[in-house]
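Per-chain numbering from 1; labels A, B, C and D assigned in written order.
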Amino acid sequence: MSNSKFTRRGVLKTGAVTGAGLALPTIFTASSASAFTNEPTGASVTLGFNVPQTGPYADEGADELRAYELAVEHLNGGGDGGMMNTFSSKALQGNGILGKKVEYVTGDTQTKSDAARASAKSMIEKDGAIMITGGSSSGVAVAVQGLCQEAGVIFMAGLTHSNDTTGKDKKANGFRHFFNAYMSGAALAPVLAKMYGNDRKAYHLTADYTWGWTQEESIVAATEALGWTTVNTVKTPLAQTDFSAYITPILQTDADVLVLNHYGGNMVNSLTNAVQFGLRDRIVNGKQFEIVVPLYSRLMARGAGENVKGIFGSTNWHWSLQDAGSQAFVKSFGTKYGFPPSQAAHTCYVQTLLYADAVERAGSFNPCAVAEALEGYDFDGLGNGPTHYRAADHQCFKDVLVVRGKENPTSEFDLLEVVEVTPRAQVEYAPDHPMFAGGSLGTCNPGA
Amino acid sequence: MGILEVKGVNKRFGGLQALGDVNLSVQENTVHAIIGPNGAGKSTLLNCLVGKLIPDTGSVMFDGQSVLGRKPHEINQMGISRVFQTPEIFGDLTVLENVLIPCFARRDGAFRMHAFETVANEAEMIEKAMTMLEDVNMADKRHMHSASMSRGDKRRLEMAMCLVQEPKLLLLDEPTAGMARADTNNTIDLLKEIKAKRDITMAIIEHDMHVVFSLADRITVLAQGTPLVEDTPENIKGHPKVREAYLGESA
Amino acid sequence: MDAILLQILNGLDKGSAYALIALGLTLIFGTLGVVNFAHGALFMIGAFCAVTLSKFLTLSFETVDPTKTDFLGQPLKVKTPYVEAWFGPDFGGALIDWAVPLSILFAIPVMITVGFVMERGLIKHFYKRPHADQILVTFGLAIVLQEIIKQVYGANPIPTPAPDAFRGSFDFGVLLGFDPSVIIYPYWRLVYFLFAAVIIGAVFAFLQFTTFGMVVRAGMADRETVGLLGINIDRRFTIMFGIAAAVAGLAGVMYTPINSPNYHMGMDFLVLSFVVVVVGGMGSLPGAVAAGFLLGILESFASMNEIKSLIPGIDQIIIYLVAIVILLTRPRGLMGRKGVMED
Amino acid sequence: MLGLDKKDWTLLLIVAVLALAAPFILNPFPAGSELAQFNAGYPDLMQRFAIFGIFAIGFNILFGLTGYLSFGHAAFLGVGSYSAVWMFKLLSMNVVPAILLSMVVAALFSLLIGFVSLRRSGIYFSILTLAFAQMSFNLAYSVLTPITNGETGLQLTLDDPRILGASATADGSIPVTNLFGLEMRSTFELEIGAWLFQFNAGYYLCAVIMLLAFYAAMRIFRSPFGIMLRAVKSNQQRMTYTGLNPRPYTLAAFVISGMYAGLAGGLMASMDPLAGAERMQWTASGEVVLMTILGGAGTLLGPVLGAGFIKYFENIFSKINDNVLHGWFSFLPDGLEDLLVSIVHPFVGKGWHLTLGILFMLVVIFLPGGLIEGGQRIVRLFRKKKAPRGEDADHHPKETPHVAE
């Protein structure tokens, strides 16, 4: 591999005449001539991939980065083109974006909102990134989204599941392809009712921070609407590693379903502990005790080993989907890296293509033009069936997968099986739904 | 009326009577030695004087005021300075800084936020400290790191730090403990020198008879927590009770 | 009542891990006078000994199964572990199943070696250095160790289950006259507690009843004097470091079935174990063990809904709160000696 | 003049020149060159250098002078940030009241924590401060979410009830932080040939405040108060028997360093109006300890160097990915290129923690006095070369190094 790296600025400045030119005070670093932040003027355009590279989500971040690299390769006409071939829009030519070669810079969010903002800022200020994308938690997504709004660049969220990202913290410059906690609840509840009946008593363990709360709220609302009762909802500290003290009290209740509103390491540990304590062997009220993990991450589920078997949850996407888009993506990702992509990789890849496509359709990198092109956009062929980017809150609406831990996996990647593809109509909600109320998009900010 | 009046002080540690009805009077401008065998209660008595221990009963009056219940730094501010068995100095600081600290302590009291004054501008304090250092022949070592000095120099420095406070009473806690004969003699010379140059009241707690008889004006002999006798060195030397209780047959 | 009983068990279990790590920390601090921020990393390395052994036992060869397909639609390569092929599926399978207990045999020499290398190669040069330097260098070492593990094994947790025989739960309640399945406790957690008790007992017995232990204890009390007696205390201290590393490592090995190990588990435990050591009193072995169990049990109680509803968020802060209260009422922790690490 | 001697003036002047010329100094490589990756002269990182410099200078007043090792100073930075953001939300987007409030709140908070924690010394003190800070972090992350906005961090919204100033600008965005109208994010760009230099208003505010903070620290170091603090570290027993009460001195130092932390927190929020709970975590407290020791505890310049060192690694090394590596080594034959990339790969990008860990160890092992000692050794090496066999400091009795060195 021998590609040299030229930043936008590099191309611009190496050609610049020696001498001093003083620019006007501007917001962030746009040159005086440009209409918006980091307007690409050379032969290339720089995207900023901001993913967790250290900390507990580093593997998920690494998978996101692989997807981004693949997307860049495809955008620049390399590889087999992946989902560009199945994408309903044909604006992308494989010649970069608007004819400019796609370059990228990477940063480490450390899964901390402070560090994530610092690294996003550095990509905008130093490397001239025109768009920031990535992340593996909602706190980071909301923080970086806010930054991009102020800086005047587009933010294409990575993995973020909290209702707030496109709810009370939504921003005009930010877009989310990933599904959210409300959708998880809306998709999961009917399946749960079908499998476990309408007369169930649920006990929630919830990670004690905003994402956990929104998920708990969503699942409680969705299951109660179908006749379930909620016995108790207990918050667990984020730093908790041993959940035994939170699980034993369940034995004293008549709850017959345990809902784990945990993600990542928390989920692995709480699920492992719950199974250890024999919860799944319990019979309560004459019913088999069940455990539910509303948001599944295949990467993390591996850490829980056999304990995931038979456990229901929801996911944004899974590699076993048989539609043409998913197959094309799995094929190019799998061929390049040797294993199937995660849902985080999928959403990041799709977000990159969607951004590039919007730029092509808008004919401009101007964030406001891009935002306009994305708003209300209907597309298909990116793995989730017909999808709609809602203008009112910049949330994608698409089918949601209900999955179950597979009983007889054939390989280390084959952990989940898709039980049901919940149609989009069932997970839609009004933009002013109470769980999403409180914020406003504001207006698009081009920076300059 | 002495400058230090100890009356009826008792101190028990559990079942042990460390001090039993101690009476002591230190007169101004004298050197008063408190001697006694190990375990006689010398250190306990000293600790009661400086505020580290509080007697169970009795009174300790210094310069007309009670020291009981006061913290060590308050007692120092009343005018009692203390020299330790092993020299206690500020090892990380230079010799001059070591002497400046007690100067500031006298001028500014136990605490003052003099964060925006500059040491270099404190001409008066520096002069006072330098005079003191010259007095103990350490002026040329003023910039030395005090931890790296010899033990004799540390002792000298500690004396200087105490003397620069112009204490009304200087307490010396076995200043020659563990020293070789030559060092002991040097210390005696130093103390004599100090005594010759100024009016000073000293109370010395000491084990070594040689030191005591070279310096003291009056001696109190302590045995098993109780004062046996108080007298001049000449009289103490020949006192049969003292010979019996303290000096034993070796004397 | 039954709820409280269960929380006591939870607390003892959590306390076992705290106590084992704190015990090693205190051994190192007490004997060598070194504040070892890399001790959590030793716990983590122990856990990854178990991961390594189970990876080793499941080393596999691939055979193609044409009836199934993999994610790219090609014929599936089925993996069969060598041990199963060599020793037959029964014995081979059992070996794999018992990977975690077997790891103890593997971890002891590994951890002692790691301990020796650490002490001889790095720590011994820091005996005379300030505690701040010791903290910095061992913290740097902890980062390096955990980053190496991360680069080899990735950041995600790796499941290392207990043997099948220990996977169920033990129904205590029936013995005590409760209804069935009200007071149940997982076998492996009971094993962990017993294991911790045995290790703690062994360390104390070793220090109490062997000449070696006596010398070490004397050295903890007064290093210089023991050195003056012509005893080669340095070599004994190296061995103690090895033992402390082994204790931390074994605590890590046995912990793996309770929670899947990941590269940052050492750091997760580090701060808590320091709190435990200090609450116990710097340099006191019984203090470290007592504080470990005490904080474990209090943490479990604080997690109960009844208590959380009284004081919201109490489970988030209980350990620190207890540490503050104990340190303010007992200046040197539960059993600390005067003058240790006070300046 | 201003209470400094000539040597201190020189030092202050050097720091001032370095700080004000940072946009030039930190951008030594032409934009677009392969080495531009190592340029640190962009506003965000320069701000961070200055802000963490302030934080470390303050921490050093406590740790370097009194020897009390606090493991909870990040909590003061955190409350400083929260108070500043609340000020932006409720009062005005001007940074002055925000910074003032953050210092006041941090002072009160540190007074409280310091009063309790300073009842113990040594490691018991360290654990008490750690406990307070971890409690603050855990609560800020969870139950205090109404005040702190938990996981996401406290940020500005379009409907903040700002008393002085509008909730939103005319074009519907959130107003930006400013100093009497000068927007903190406004940047002048200067192109000279292939180089691009950025002069950011926020950075210059940070730099000026850092210089003031540095000057204040210098005054404290040189004051009788500073000597008292060093006396606390050296011998508390002697101090009490010299008539001094160490407790108020240490508490004052604790509160001063807490205010420095609050100032840093307030500045951080002024540059980027978001306050994340992670700022209060023990790792953040540990970071400032590392900065101070790495640079050289007890020295004036050391903590600033240490802060720069760590922030540089965090922000520059973490961004070097394989793509960049291939760019660097692209002049080599493919096989060699791949080999070199695979050798360097573990130490950069996601491996930056590893590099940092190794560097910590190297510095502590070989430079016990921190980076400052490294600098002194180099200077000594040159001096020796210049004056062989000449009068050398080593022949004199050992003198205490001047604290400024």
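By our rule, contacts are C-beta pairs under 8 Å (C-beta built on N, C-alpha and C of every residue); 3 or more make two chains touch, one makes a residue touch a chain.
Note that the structure is a prediction, hence the values are computed from the model and not measured.
The most central chain, judged by C-alpha centres against the centre of all protein C-alpha atoms, is D.
Here the largest set of C-beta contact pairs joins the chains A-D.
For this pair, chain A with chain C, the centres built from the Cα atoms lie 35 Å apart.
As a whole-number value, the distance joining the C-alpha centres of chain A and chain D reads 33 Å. Distance between chain B and chain C, defined via averaged C-alpha coordinates, is recorded as 53 Å. Inter-chain spacing, taken between the CA centroids of chain B and chain D, is 46 Å. Residue positions 138, 141-143, 353 of chain D each touch two or more of the other chains. Among the residues of chain A, those in touch with two or more other chains are 58, 62, 208, 235, 237, 239.
In chain C, the residues that reach two or more other chains under the touch definition are 313, 316.
The full set of touching chain pairs reads A-C, A-D, B-D, C-D. Those residues of chain A lying in contact with chain C across their complex are 55-59, 62, 208, 232, 234-237, 239, 241-242, 244-246, 248-249, 251-252, 265, 268-269, 272-273, 276-278, 281-282, 299-300, 302-307, 319-320, 330-331, 334-335, 339-340, 410-411, 413-414. The residues of chain D lying in touch with chain B in their complex are 3-5, 219-220, 222-228, 230-231, 233-235, 237-245, 248-249, 252, 256, 397-400. Residues 35, 122, 125, 129, 131-133, 135-137, 139-144, 147-148, 151, 271, 274-275, 278-279, 282, 312-313, 316-317, 319-321, 323-324, 327-328, 331-333, 341-343 of chain C are the ones touching chain D in the complex. Per the touch definition, chain A reaches chain D in the complex via residues 1-7, 9-14, 16, 18-23, 25-29, 31, 53-54, 58, 61-62, 65, 69, 104-108, 112-115, 117-119, 121-123, 125-126, 137-139, 142-143, 146-147, 149-150, 164, 169, 208-211, 235, 237-239, 439-440, 442-443, 445.
Interface of chain C with chain A (complex): residues 2-3, 6-7, 9-11, 13-14, 17, 68, 70-73, 76, 78, 150, 154-159, 161, 167-169, 181-186, 188-189, 258-260, 262, 264-265, 268, 299-300, 303-305, 308, 313, 315-316.
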